[in-house]
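Alright, structures below, take your time with them.
Paired with subunit B in one complex and with subunit C in the other, subunit A is shared by the two complexes that follow.
Take a look at the complex of A and B:
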């Protein structure tokens, strides 16, 4: 089935998206070759100076990128383990099954920044409930203003917010699995652990890979949570790439330099996501 | 073994439930407090720990001049932008997804899968990368600080999601359906409109849900691209966070903003249990 009208289906969407995106992308590349900032707002041409500065004289960007890798890999790993466990638990018979399924989905329906505002009051160091309860044990950790704990708090909020997404994708996957392999396993007398290792997990491998990649893409954009919770602080302890680009571009108005940061960041992301996808496919499919 | 697993299962599920509910309970409790009960340290149960008031909730209607926070207008702005953006994205996304699922496109080295990837790959872009060019572009068209400008941006944000879900969905709708319709004398548009579309409602609903979720929860673009004329709900609420924080109205406003989408959780669960999601999400 092939006819000339097929373009009428495809083109409206494609052209709208291209039309809205072509300028921003082209402009970012062009901007990255200029020195546009608040003192001198013009599209001059300075060649690759911004990129030279980025690769030779900007430790902060690379530190932010390292921090982003640490934060996003940790949160996605935790989300996968917790999301998969929860999905397995409400997959088969459990009382209040639908109640738990709805409840576990709710965090992803909430606006991250708004919930982060609530989390900020929750972890408030003198007025929040967490430290109030912990004060019975005579500890009052500085959740938001010590370097290590601020990272922990960001991870905790991200896990709360986005584990449901992982849970949803994995539960949808579990519910679509064929029944026969499980029957065969139970006839062979396999216990729950063996069934999981030899049947459920291998069958879920493709879905797992998809879910992890999707979450990594979304997690790499982490920004709202950091902005409200810690503003990248204390110091730069929770500053991620997005947040650093935001500071350079929209706080210090170094448009040209931040465009160079953005472009470099995008290229690194595309390359690293491709590599991660390849590694995951190898680990999950070959390993079994 | 069986008993141990069951105990463990209920323990984990209950612990996670508590973790999920905790911030909401805290927000509900805080929304009934006043200055005194917030600054005296953490308290939990109304009437026992503190004297509840409705001040936090009343402030949501009052104008800022009277010490309120007025989230009524941002609330409706948010609804309008989210719904308009989602509708356009679903419409264009569904058409494009249908084309990508049914017809073959060839242009040089570009194939169907490349076009699909182009749509979906837009999700990799962090908002901050697009923010500055969008800022300048919308400024050129006098769309900064308008609802229309935000809708344009939301289409970029949401169409990839619609295409991603709908391509997979259409791939699962048997081709015979459209072929029979064509043999019966429908033209391709009629075949799509009368036969394929009615069979795709579950997929469209799921895609719509996801567009609503990602549209409603966006903060960054409305934060950068609007200032005073137009304000969306998340921006209005986060703005409260920076001033001398009135925790009570902050919590009340947060609960109001979170409420509409909790209904979405119920719908998503329905489709999940019926098995419709497994086709739509892969």
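Take a look at the complex of A and C:
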């Protein structure tokens, strides 16, 4: 087989890659250099004007990005802590182990948008059951229209929805760990806390980092929960980057500008996730 | 250190089944305090199960385990005060070498001064002094394995150090050094060392006593020379020695004689009480001599091939459709056609139903 034949076999894969990955990104970059909007729907060329506007005259985007960082880091941290705890709980032989393993996975199997509608109904400030119950104590928090509580509600729904995913990855990790380090710790006289600190956690570090990064990537795209639950409100209190890009692109039809936002957002996410991954490796894989 | 007794110990992984299969058949065994033992056998023979029963990882389905006459059968691993070195080095990667060695003492709330002194002592014995401040995860596989061993030795009250094929991941040249270190440690601390391996060379060079196992049973316990000279079963004869012992189907001929292929072989074994007419004659390839003329206890075999193995030559011959292997010195000339082989009587072992008579 000569050299050219190899490319012939690679061609279908390359074409698919080009079609689904490179072309959309390339088109987004090109679109970001145009002023395409509902008034002037054409692929003109305006240079870096959209980017200049983004960096000099769009405080709202950066505020949304700050909010996204807060929401995604908080939710993923909580998902990790809760997911790890649940995984540790059903890792060892316990009564109804299989039942609990399935139970903890149920939220992940539900449709996010539908579950968010249910959560919105729960937390509805005048009609929802949560405030109905709390009214007995003369408390009726503004779950969706207070700046702070709206963020809390978004975090709560996200944690409920996606902790099972973290649980699943971490449980799979725990089940794949070798048993000798645990036996050695037991022989050395280590109790459960020392065994966790010196054996379980270090052994789980690579899996934990992978799980955290996967969830951070997903959490940074948070859109449906915000859209259904608060629509970014009250005001812009829960507006995240992706929701803001959605508003600019699909509500205000500023396609050129929203493409610039998307591309900038992509670059920032790649850089920040790389930095986060490096920090996590440094923090969690101390021995190496 | 402790005397370890296994009383009618047996283990089945399905003890409730009507026709339960034993991974370890019932047996009795005593490990003398300060002894150096090797458990040797092919994969799946039950040697790791036996080790795990002693360490508490596996609860035996039958029998009792005594440490210094105290029943520890139901005690957990940590309550038994044993140390175990696994096939692959187990270290605490987030700790330094010093912290690793100190860990069993820290867990048992020893005073700091005692911990420091003990760690220094063990590090000295294992030649790890220069590495104490280094991160344990940065060490080589053999150094990590030494740390695993060191964690067992820092405790004075440890009943025994159990090792499950600990040198598997070690380079051949380092294996020799580590085995020597293990022997020195055994002599220095008088710790009972129990070493599981499937490598007969490791067992023979390390242990004072070897326990040979096959299919869940102990087939022979003895010193390396006993196992080599007088294997109790044909299995031990095959398993110990390289090449394996030569075995020949033979017939009973007299009170000390057997014959095969028309040749009569005199042995030092009293065969007068033997009921079986068909026996097996076993002799090590090291003890068969090539002689110039046929005489008493000789056979005339056809040489098949001669292999130079560096330290010696291995001659493969055939007699009466049975293979014979002979080890000779490198400089010895070997005829390439027929050859007379002498079987010295004192090295001939006779087996009835695979058991040494």
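To be clear about the criterion, the second predicted complex is superposed on the first by the 271 of 288 C-alpha atoms of A that agree within 3 Å, B and C clash if a C-alpha of one lies under 4 Å from a C-alpha of the other, contacts with A are read in each partner's own complex, and residues count from 1 in each chain.
One rule holds for everything that comes next: a contact is a pair of C-beta atoms (placed from the backbone, for glycine too) under 8 Å apart; a residue touches a chain by one contact, two chains touch by 3 or more.
Keep in mind the model is a prediction, meaning the values are calculated, not measured.
Upon superposition of the two complexes on subunit A, no clash is found between subunit B and subunit C, which fit side by side. Shared-chain residue A:181: touches subunit C; no touch with subunit B.
Of the two partner chains placed around the shared chain by superposition, subunit B and subunit C are both touched by A:191. Between the C-alpha centres of subunit B and subunit C, as viewed from that of subunit A after superposition on chain A, lies an angle of 80 degrees, to the nearest 10.
Of the two partner chains, neither subunit B nor subunit C is touched by A:138.
In the superposition on chain A, A:100 contacts subunit B only, with no contact to subunit C. Which of subunit B and subunit C touches more residues of subunit A is settled by the count: it is B. Of the two partner chains placed by the overlay, neither subunit B nor subunit C lies in contact with A:57. Judged by the touch definition given at the top, the superposed model places A:127 against subunit B, while subunit C stays out of reach. Contacts of A:250 after superposition on the shared chain: subunit B is touched, whereas subunit C is not.
After the two structures are overlaid on chain A, the closest C-alpha atoms of subunit B and subunit C sit 15 Å apart. Counting contacts as defined above, subunit A residues 191 meet subunit B in one complex and subunit C in the other.
Of all residues in subunit C, only 55, 57, 76-78, 82-84, 86-88, 90, 92-95, 103-104, 107-108, 135-137, 148, 151-152 touch subunit A in the complex they form.
By the touch criterion stated above, subunit A contacts subunit C in their complex at residues 178, 180-181, 183-184, 186-191, 194, 198-199, 202, 286-288.
The part of subunit B that touches subunit A in the complex is made up of residues 1, 5, 9-10, 12-13, 16-17, 19-23, 26-27, 30, 38-39, 41-42, 44, 92-93, 95-96, 98-100, 102-105, 115, 119, 122-134, 136-137, 152-153, 155-156, 159, 163, 175, 178-179, 182, 188-189, 192, 213, 216-217, 219-220, 224, 233-234, 237-238, 240-241, 245, 247, 250-251, 254, 257-258, 261-262, 264-266, 268-269, 272-273, 275, 277-282. Interface residues of subunit A, counted against subunit B in their complex, comprise 1-3, 5-7, 9-10, 12-14, 16-17, 20-21, 23-25, 27-28, 31, 82, 85-86, 89-90, 94, 98, 100-115, 117-122, 126-129, 131-133, 160, 168-169, 171-173, 175-176, 191-192, 207, 210, 217-218, 220-221, 223-224, 228, 241-243, 245-246, 249-250, 255, 258-259, 262-263, 265-266, 269-270, 273.
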